[in-house]
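The same chain A turns up in both complexes below, where it pairs with chain B and then with chain C.
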Partner chain A sequence: MLNIFKRLWQVNWAEQWQYRANLIMYLLYWLVSPIIYLSVWTSIASAKGSVNGFTAGDFVNYYMILLIADQFTSNIVIHNFAYKIQDGSLSGELVRPIHPMLTNTLVNNLAFKALILAGFTPVWLVLTLIFKPDFSGVTWQGVLLSIPAMLLGFIVGFLLSAAITSLAFWTTRVYSLHEFYFAVILLFSGQFVPLTLMPKIVQDIAQYLPFQLFMYYPIQLILGKLTTAQIIQGFVVGLVWLGLSILFFNFVWRRGVKQYSAVGA
Partner chain B sequence: MSPEPILVEQLSKTYQVPEREGGFGAAVRSFFKRKYKDVKAVEKVSFRIEPGEVVGFLGPNGAGKTTTLKMLSGLLHPTSGRASVLGFTPWERKSDYLRSMTLVMGQRNRLSWDIPAADSFLLNQAIYRIPDDEYKKTYKELDELLELEPLMKKPVRNLSLGERMKCEIAAGLLHRPRVLFLDEPTIGLDITGQARIREFLREYNRRTGAAILLTSHYMADVTALCERIIIIHHGQLKYDGGLTDLSRKIAPFKLIGVMLSDADSHDLSRYGTEVQNEEDMDKRYLQVRADEVTRVTSQLLADLPVHDITIADPPIESVIEQAFNQ
Partner chain C sequence: MHFLKLISTFLKVNIQMSLAYRADTVVNILLNIMWLGWELLGLSIIFNNTTTLGGWGIGELIALLGVFRLINTMMASIIWPNTEKFNQSIRDGSLDYTLLQPAPSMFLVTFSRITIWRMWDLILSIVLIVAGVRMAGDVATPLNILTFLLLTVSGAIVLYSLWIVLIAFTFWFTKFDNNVTILQALLDAGRYPVSVYPAWVQIIVTYLVPIAVATTVPLQALRGDLTFGRVLIFLAVSIVAAWVASLVWKAGIQRYSGASS
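Our next item is the complex of A and B:
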């Protein structure tokens, strides 16, 4: 199995290199919205002194870490898988004795991340020079804990995206569905606004949803803003969602493959 | 090992195809309530293929050939019926099954478009757990027959259609499958390329004893490789048997070609049905029942100024076409 992943890595890494320009577009896309939110919120906070206790500096710290968390936890499953179901090119992968999603697509996402990280790092460093975040509150315990947290976030996010992408077995409109899913993430992950600034009811719901694992939870871990109880709760909620997303993905995938009509050649 | 590699019983596949009339009104209506039409792609097809057999799977476009191949390779779930290949139910998609068969379809399948075929080959080696020495041996054989080496280092997107097909077939055979499903394996190849693939498949079959089920639009593929053919039309099995028996059963006719002086002035209708032969406009052709041939020939020779006469089997294409239309 290790050998399979090694070869898949070589193939996918080489493929990603072929699409360097494409990668730069992705990188820009990824940077734009967090930077806009950052700019908007910091200017509001500077004008009013603070927003519910969040100063301009707090927003800068939050969004600078968000950029990192987003890099590690996000995925592009919808973009590199849905079309294969729709145009039938999945057939070639389905006749191989390995799981198309959990091997090839997973490795493809990782290769994509590895390469984009290379472009992201210098950009992030330049941004720190511009926005001058204050990371004095960051602890090494927080950073260490954020690694398994982001890993959990990535896996749960990957499986949920994979399940939603697999709906392409039934509908050709899966992209709009995914857009809606994206909007939900935007709201409940803490990207649009840090969750602590949301109405109480939204916060109460968000802490039991998987989306905070993608951004809010690891950011707060790194910034050292969570109590021990909150840290434990975050991991427990994450592990429960890991189980649920495995079940959900399996459920959709198994039925989807039965539904597959292998169109085209 | 199971006694027969392929056993198919009453296999059926019905697709639900959304349908609507053209026009704006229909588009709006279909948004709320979609109408579906059942399309029976394959209907109660049964056959059995023994180890080492090479079987040609024929039928016009849309007959259900590819759908059947997709079911047998585990890509599609049938609507009803059973199939067993090497003792496995294909659509359960067990790894052991997928490792012992191959499906070669069209142009795009096993090779990654953007990288050289060599990398995809190594990936397949890992996926199918092929030991190094066995891989080298198989690759060498494939290279001898298909002349792969010059193609291996180029990105697949830069290969010609025929070169890509060679690589696709080779990639699909690296793991030495015991059952081969080939959908149009020679499509896009020139005459030499086609002949080479044919020769290769015959050799592969001889060396490994693998069973092969192939579809092709090139009759030469079928006549060169298959002793047995299965014909389906509108999803139903029309014929299953020897290629040579086919003409006898479906079209027990011979073609008599005669070259006559002042050819157009004679009425041939009392000797048999006159047919066109595009390839030979110098002669006039008569379709005559096989048991009548001797009598008609001697009559023609006695009655008419015959310069030349030939007796031949009707071309396999036209026989098969007759089988479709029955």
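Our next item is the complex of A and C:
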């Protein structure tokens, strides 16, 4: 099994390396919206002193860490898998004795991440020079705890995206649905603004959803803003969602593959 | 006359094409409404915590959202579909047929695909602009409205020209098919008045990829913030931009040697 992953890594790394010129464009997409929100909220906070307890500096810290959390927890399943169902090229992978999603697609995501991380790190360092975040509140415990949290976020996010992408077995095109899913993430993950500034009802719901694992929860862990009770609750909710997303993905996948008719191939 | 006839033919063809995907169209319109709801929710969260953003009130930001959506509509209904078709035609050489047709190639390449359902976004944008201006209580004099309209068009022309230059680069660098991504990536910055951004971001979105010229600037005109001299400068810039773009396009066409065939 290890050999299989090693070989898949070589193939997918080589594939991603081909597209390294596109890297700058991906990075741009990644950077623009956090920088916009950072600017909007710091401009409000510095005009008023603070927003609900958040100073301009707090917002800078939040969005600078958000950039990192987003790097680790996000995935590109919709981009590197949906088209295979659409044009039928999945057929070739289905006859192999390994799971297409949990091996090839997963490794492809990781290779993409490794490549983009290489470009992202220097950009992030330059941004810290520009925005001057104050990381004095960051603790070792927080950073250590955030690693399993982000891992959990990545796995849950990957399985949910994989399940939604697999709905293409029935609908062929799945991009609209994915756009809707994307909006849900935007609302509940803390990408737009720290969840504590969201309307109360959004906060209450977000607590029990997996999406805060993608951004808000690891960010606040790193910044040391959570109480012990909140930390435990976050991990418990995350583990429950890990179980649920495994079940959900398996359910959709098994039925989907039976439904698959290899359109266009 | 000639161009109007061509445009109406393009519209007809594109309506027929979109009728083939009716369900898709309905879903897309629903998604569009969802994003509008999200944008308004975002603004309401912001203005729960403040009364002004970069010196502008909520009404003005709603109007700005309207202007932003106008530009976004141009992006989604014309720029994206035509870029896709253009990149494809460079790869497989079908651009040859476009060049043979008896109409300016720049016009054919940039207007032959129009995503029809996006047009309803125009109505939505205008509603947002009118409602926003009303809420802000600004008195829009006829002169302000006129300069607003002129600057919206000139802002759109500036972005259109930049787009032409970007896709024309494909004639020199064949592997440059990510050409419009930079426009799309920075477009989001147009949702908010340019005054909220740090100076270096302001420089990028004003001079390098002039999103602000098409969003913040027209709204400033509507509020009566712009002097007559500045309005003239913006109008002149758009004319120069269009002229430069057509030169780059002509030079690019001259380099084109056809693919495959």
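One rule holds for everything that comes next: the second predicted complex is superposed on the first by the 263 of 265 C-alpha atoms of A that agree within 3 Å, B and C clash if a C-alpha of one lies under 4 Å from a C-alpha of the other, contacts with A are read in each partner's own complex, and residues count from 1 in each chain.
As a working rule, contacts are C-beta pairs under 8 Å (C-beta built on N, C-alpha and C of every residue); 3 or more make two chains touch, one makes a residue touch a chain.
Remember, predicted model here, so these are calculated numbers, not experimental data.
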Which of chain B and chain C A:V240 touches, first, second, both or neither: neither
Which of chain B and chain C A:L144 touches, first, second, both or neither: neither
Touched partner set for A:E179, first chain B, second chain C, both or neither: second
First, second, both or neither for A:S43, with chain B first and chain C second: second
Touched partner set for A:K6, first chain B, second chain C, both or neither: first
Which of chain B and chain C A:V123 touches, first, second, both or neither: neither
Touching partner for A:N22 - first (chain B), second (chain C), both, neither: second
Touching partner for A:L94 - first (chain B), second (chain C), both, neither: first
First (chain B), second (chain C), both or neither touched by A:L197: second
Footprint overlap on chain A, comparing chain B with chain C: none
Residues of chain A that touch chain C when the two form their complex: 21-22, 25, 28-29, 32-33, 35-36, 39-40, 43-44, 47-48, 51-52, 130-131, 173, 176, 179-180, 183, 186-187, 192-193, 197-199
Chain C to chain A touching residues, read off their complex: 24, 27-28, 31, 34-35, 38, 42, 45-46, 49-50, 52-54, 175, 178, 181-182, 185-186, 188-189, 191-192, 196-198, 200-201
Contact footprint of chain A on chain B as seen in their complex: 15, 70, 73-77, 91, 93, 95-96, 98-99, 101-103, 105-110, 112, 114-115, 119-120, 122-123, 125-128, 183
Chain B contact footprint on chain A (complex, rising order): 3-4, 6-8, 10-11, 14-15, 18-19, 89, 91-92, 94-98, 257-258, 260-262, 265
